[in-house]
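Letters A, B, C and D name the chains as they come in the text, with residue numbers starting at 1 for each one.
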Amino acid sequence: MNVMDPRVTSAILYLDGVHVSFDGFHAINNLSLALEPGEMRAIIGPNGAGKTTMMDIITGKTKPDEGVVLFDGSTDLTRLDETRIAELGIGRKFQKPTVFESQTIEDNLLLALNVDHSVKGTLFWRGSKDESERIDRVLETIRLKDVRRKMAGSLSHGQKQWLEIGMLLAQDPKLLLVDEPVAGMTDVETHQTAELLKEINKEKTVMVVEHDMTFVRELGVKVTCLHEGTVLAEGSIDDVSSNERVIEVYLGR
Amino acid sequence: MQHILTRSLDRAATTFILVVAGLGILISLSNILLPAGSFFQVPTYLVALFGKYVCYAILALSIDLIWGYCGILSLGHGAFFALGGYAMGMYLMRQIGSRGVYGNPILPDFMVFLNYPKLPWYWHGFDMFWFAALMVLLVPGLLAFCFGWLAFRSRVTGVYLSIITQAMTYALLLAFFRNDFGFGGNNGLTDFKDILGFNVQADGTRVALFLLSCFSLILAFLICRAVVTSKLGKLLIAIRDAESRTRFLGYRVESYKLFVFTLSACMAGVAGALYVPQVGIINPSEFAPGNSIEAVIWVAVGGRGTLTGAALGAVVVNYAKTYFTSGPLAPYWLFMLGALFILVTLLLPKGIVGTFNAWWEPWKAQRISDADESAAREDGIEPKPNPAE
Amino acid sequence: MSTNIIDRLRAAVLALLLTVAFAAPALAGPFEDAVAKFANDDFSDTAAAVEAVAASGNPLALPIISALQEGRLVADPGSKKVFVKQADGKIIDAATGAAVDKLPDGVADVRLNNRLRRAVEAALGSLTLLSPDPARRIAAAQSVFKSHDANALPVVEEALAKETNRSAKAAFTEARAAILLFKPDVSEADKLDAIAVVKAKGDQEAMALLTSLGPDQPPLIKTAVAGAISSIQSDLAMWSMVQNAWYGISLGSVLLLAAIGLAITFGVMGVINMAHGEMVMIGAYTTFVVQEVIRTRYPGLFDVSLLIAVPLAFVVAGAIGVAIERGIIRFLYGRPLETLLATWGLSLVLQQAVRTAFGPTNREVGNPSWMSGAFELGQITITYNRLWILVFTLAVFGILLAMLRYTALGLEMRAVTQNRRMAASMGIATSRVDALTFGLGSGIAGIAGVALSQIDNVSPNLGQSYIIDSFMVVVFGGVGNLWGTLVGAFTLGIANKFLEPVAGAVLGKIAILVLIILFIQKRPRGLFALKGRAVEA
Amino acid sequence: MLIQLTHEIATMTRRRWLAATAGLVLGLAAFGDARAQDTIKVGVLHSLSGTMAISETTLKDTILFLIEEQNKKGGVMGKKLEAVVVDPASNWPLFAEKARELITKDKVSVVFGCWTSVSRKSVLPVFKELNSILFYPVQYEGEESERNVFYTGAAPNQQAIPAVDYLMKDEKVQRWVLAGTDYVYPRTTNKILEAYLKSKGVKQEDIMINYTPFGHSDWQTIVADIKKFGSAGKKTAVVSTINGDANVPFYKELGNQGIKATDIPVVAFSVGEEELAGIDTKPLLGHLAAWNYFQSIKDPENEKFIKAWQAYTKNPKRVTNDPMEAHVIGFDMWVKAVEKVKSTDPDKVIDALPGIEAKNLTGGTSKMLPNHHITKPVFIGEIKANGQFDVVWKTPGLVAGDAWSKELDGSKDLIGDWVEKKCGNYNTKTNKCGGQGS
């Protein structure tokens, strides 16, 4: 790694030479990637390309065997745990929508708010006007205002995806990692989600992992294709989808 | 503080408190005021028996708090109960003074015949009630804190956690069995005389202890309610249902688990401390892993994730045990108890109160307007089966 | 034939010599009087009779004393007549040797106590130093080594001179050395040689012999003895390490045997089966029933009783396992903690059921002859039952592994546990596989019960004593990994046995539990944890 | 909080309160029903489930058998006896609860029960508080003499010390292994034995003491240690206070490692006919046990008892053992005492019991002493191949049970005397009641 590389200082997320292996299986192999502040990036790649593992590394769930992972140009993420990384301002949506099913939608968002997260703070918490306004705003954005008191478990799959994105919004991070946001959605919902992400991108940096090429095309952002834990191609969606190696990987050998 | 009380005391919670307080007072008055042998008089042995049930109910609450709400299945909670009991037992032993069979003013009897030259250092201070009372909270609390600090920080979860809690209580069982350990070995501590100057066997003391247990149950219940109705309570459920989600939201999960685990251990300790003077003995068998498992079963029978259910489960199962171990059914009582456990799991997976709520709520929801929605959820949120466990 | 008589005469002379020391007055009476004393039912009289008979030189002495040792000597207290029940079922009058048709009524066994038993052994030992059976000669030489009685020296030396059997020769050499070591008028050089022989023997008995020699010795001897003692000591210390390791392996095999079944039901299926111990118990009771039937109907089959019990226990426990799965567990998949509750209830029911059916007390399960006793390997004793259990455990483990790997059922099992929905869509009858998997785990617990019946109580509480240890083993090794269970069991077993001599049985066990707790902090998913993101998916 | 409460009370309907109260009262009434007393009730407090069921179930059957026999003879004072059986389930606090229930709810006149020391300790305060009578039939560590308890099992001086004497004199034992389960009875017994052995000139290095946990099943190391200890050239014996379930694997290991009784005899205080029924005894030939009763003892009373017992249990192989005999003696004494004072009033019966004599099953007559222990003969038996014992030695007469051991510093001056001194721990030095102090 070259510290004088200008990107080190400017990139909000910077990965260089990252390796991870599980019991001899190389999940991530010399992966290097950089995200500029305010950018939206789509990550594509076949199953097992290492997309989710990459997110695990960024969010501190998995520790890389070697390599550099920097946030905001200077913070070394490999030394921090999930909680600390979340506090720094990285939010993550899981591949499988993960919301608190036995609690109301409101409460889901309430828990996501980036307010006092200490034991004492939550034990003696009293709602404030500011908090409920923020929740209202998020509910508005994710279009779940009418069902705010319903249990999250009773939502449809697509609604759960939105709720989870809503939780990311309530968390108010600088960087959003969104894993397969439109899986199981109807075309209309997919379109709405794309709009939603574009809206979010106005303020925040976003990294989207997705299989759905229509969706990726609709986002219209720079695309990185991963394969076997390393970057195969990078560029506009048209560049990438016409790349011979990408086609080979997707269509099989 | 007001807002904590308001949100803790919904209709169901208030009913629970009133029932416990009412029963407590009624039983006590009936025992004291009515003539012995009259039909409505509750004999003293029943008062002691109910006192025991109430202590078990507190233990069940403490387990429900961590298991029902936070998904931590401790198969070693009996250890905290027993440690609290031992702290109280040590106080009661010291109160015997020179009335022991050997008449030694300092050393308890078992130390005299095992030739202890002097009181071991860890027995000092237990002649003072305040110190013993402090230890009742501190010893289980500290053990839970150390244990939890290690386990939660290392992210030991699910069945691994359950098994090492079992290892913990099993190790303590073996340790307390050892006579060299200085706690009376297998015989434990017994033959108590006084508590705070009152004869432990006097009817008045028994009634007072029973009332104190009821009061402690109400207090424990209120504390649990305060916790589970707070934002922290929502978070505990969140941790139970999706632990890593809470972590990625920026919560330090281990702190929350540690807090609630320690709190729960302290409650279990208090339950043990109240239990000992009422049953008159504390010995290592309280550490037996089977006891802890059984306590978890009370909670499951009553309804996991419902505080009233936990307390009710403890009373129901123990009443069944009392009932079945006497009379012509005595040789077969294990069949009945075993069958009860199997049938409850198969037919009432949510436990008694959970099932009742599921059946009652839709009907009630019609009557209650949306304005009062928070009450409609009773005090329970049905636990979702957690595959991680 | 003639040499045999001479041998006997010699032996009788020796016996006479041996017994003079403490039995002088008994010499007087005729042989018949001595024999009649057996009928008095008094231990002192019996002792006197043994001495007198052994010293009599009568050819009936050996049969009488052997009969006494083996409980075949009976006496009629009324008529004071004593009879020998011969091994072939014939009866002879002990005093005359005449055959008798039928025992009179009221005869009773001539009773022995430990002191008498030793006297009988000693009498037989001296009668058998020159026995044609090498095993008996060795035993006799060993008893001389222990008693190092100088009177036996001439016979020992004679025996040594004509001995051809190697082990017997070694035993006689050692016996001679022991005698010389304690004999006062032996040259220093001979004594030093004797010390070297004893040192070479190098076991506990040699050690005991040397230490009991006492301090009043010439300096040269003293140093030689001290040197021999320290050399034996360091030898024995080394052997005690080996011994601990063996004990550890043996304990490990017991733990493994108890845990394998759990590794399947709990490790592979994720069912927390608290009734696992009861499956072990059922296996043990199956063994009991099998032995009971064999004892009453086919006594000749006793030695193969375990071989019959193993498949039966597997079938019985396995069938009960399938019934449990079909009746209870299958309604509880996806709710693992509820299975804990239900199976706990079940374990109470099963325990009480066995208690009601078989009674609360222990039941006797015998060791077949090939599992009784022990053999010496170097300086350690290896008992056959432990050895067989180790072999059996490894065999069960191997068969199980092979089954999971190479059979259709094994393949289906792995498929269902890895991805139930996928397996179902590929046409695997998942519910059948579930039932069979649970049955397999229970069946293996059942055959564990057969083996454990050989070393432990067969009582309704049998299962309870293994359940906690089994869970520890599985969790320590890593849930879902059979190799982890294997390594876990042996690690815990060996660690326990090395801690036990240092810390004592109780503290050793506590230390193991604390170590497990700490170890889990280090590796929260056991020794052989599955890694990767699949784990938490 | 108060506001909240009153609000809730007000909103609760009156009807609900009524229903709750009614339910409560009915529930409570179900607990305490006292039936008319036309029989004399006898409480049986033995575990029928759990770890102790293995030993205690037989004792429950014994009492039921004795009650049936007594009723055939017309009961006591013309009234039939009625057994009240409860199951304390090997759970010590439950023992106390059940004792309380027997005395208060069932109004039993006497209780026969307990096996372990801890269960006795657990119920002791209950019997004192409610002033009832307990007959305790098991050999125990002594150091106790309570007004409400009658100890019909052996005190240490009626079992341990005669056994050691026998080994010393008859077997010329010089080296001793004291092996026991780690609880009070072995601890105290070994303490007493250690003091006794030292007073007989045995050196410290010739005594090895070893404790194991309950239910210990892996005896390899300890048996090897015993073997090592025993190969030091001196005659060695093991005095075993190993309890219950741990005995079977212990004896199996002994047998397999080839320790024969002629080399290192083991004398046990907790192994009787019942325990041996679960072991193949052939390898154990000649190992010893010390008891106050053996089934094999030739005596007409004993033979009559065994016959009746086997008929009652419909099992011709059912064995008898020492604690059963203790119950037989205790039951007989209680019946005699009740008939003497013509009352089941506990105070009267307690005062009447000392001095009462009852035939034991070994040809003698045992007597209740003022310290509430009884006189007993002591037998040493050797294990035979058929699972029975062969008596090889017996005390010349009956031995009086000592409540307080003379070998222990803490208790050598104490005596129990409920007849003259009315005191369980009377100090003969200071002539005061109440132990050593004050």
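Assume a contact is a pair of C-beta atoms (placed from the backbone, for glycine too) under 8 Å apart; a residue touches a chain by one contact, two chains touch by 3 or more.
Quantities reported herein were computed from a predicted structural model and do not represent experimental measurements.
Of the two interfaces, A-B and B-C, the higher number of touching C-beta pairs belongs to B-C.
Farthest chain from chain C (centres taken as the mean of C-alpha atoms): A.
Each chain gets one centre point, the mean of its Cα atoms, and the points for chain A and chain D are 71 Å apart. Look at where the CA atoms of chain A average out and do the same for chain C: the two points lie 64 Å apart. If you average the CA atoms of chain B and of chain C, the two centres end up 46 Å from each other. Residues of chain C in contact with two or more other chains: 351-352, 464, 506, 509.
Residue numbers of chain B whose C-beta contacts span two or more other chains: 174, 177-178, 244, 331, 334.
In chain D, the residues touching two or more other chains are 48-49, 182, 211, 213. Every residue of chain C that touches chain B in the complex is listed here, in rising order: 272, 274, 328, 331-332, 334-342, 344-349, 351-353, 356, 464, 468, 471-472, 475, 479, 506-507, 509-510, 513-514, 516-518, 520-522, 524-526, 536.
Against chain A, in their complex, chain B makes its touches with residues 3-4, 227, 230-232, 234-235, 237-238, 241-242, 244-253, 255-256, 259, 373, 381-384. In the complex of the two chains, the chain B residues touching chain D come out as 5-6, 9, 11, 14-15, 17-19, 22-23, 26-27, 30, 37, 39-46, 48-49, 52, 98-105, 110, 112-115, 174, 177-179, 185-188, 190-192, 201, 279-281, 283, 285, 322, 325-327, 330-331, 333-334. Considering their complex, residues 59, 61, 81-83, 86-87, 91-92, 94, 98-103, 107, 110-112, 114, 117-119, 122-126, 149, 153, 167, 171 of chain A touch chain B.
By the touch rule above, chain D contacts chain C in their complex via residues 48-49, 51, 53-55, 57-58, 170-171, 182, 210-213, 215-218, 220-222, 224-225, 227-228, 231-233, 245, 248-249, 252-253, 255-258, 261-262, 265, 274-275, 277-280, 283, 286, 288, 382, 385, 390, 392.
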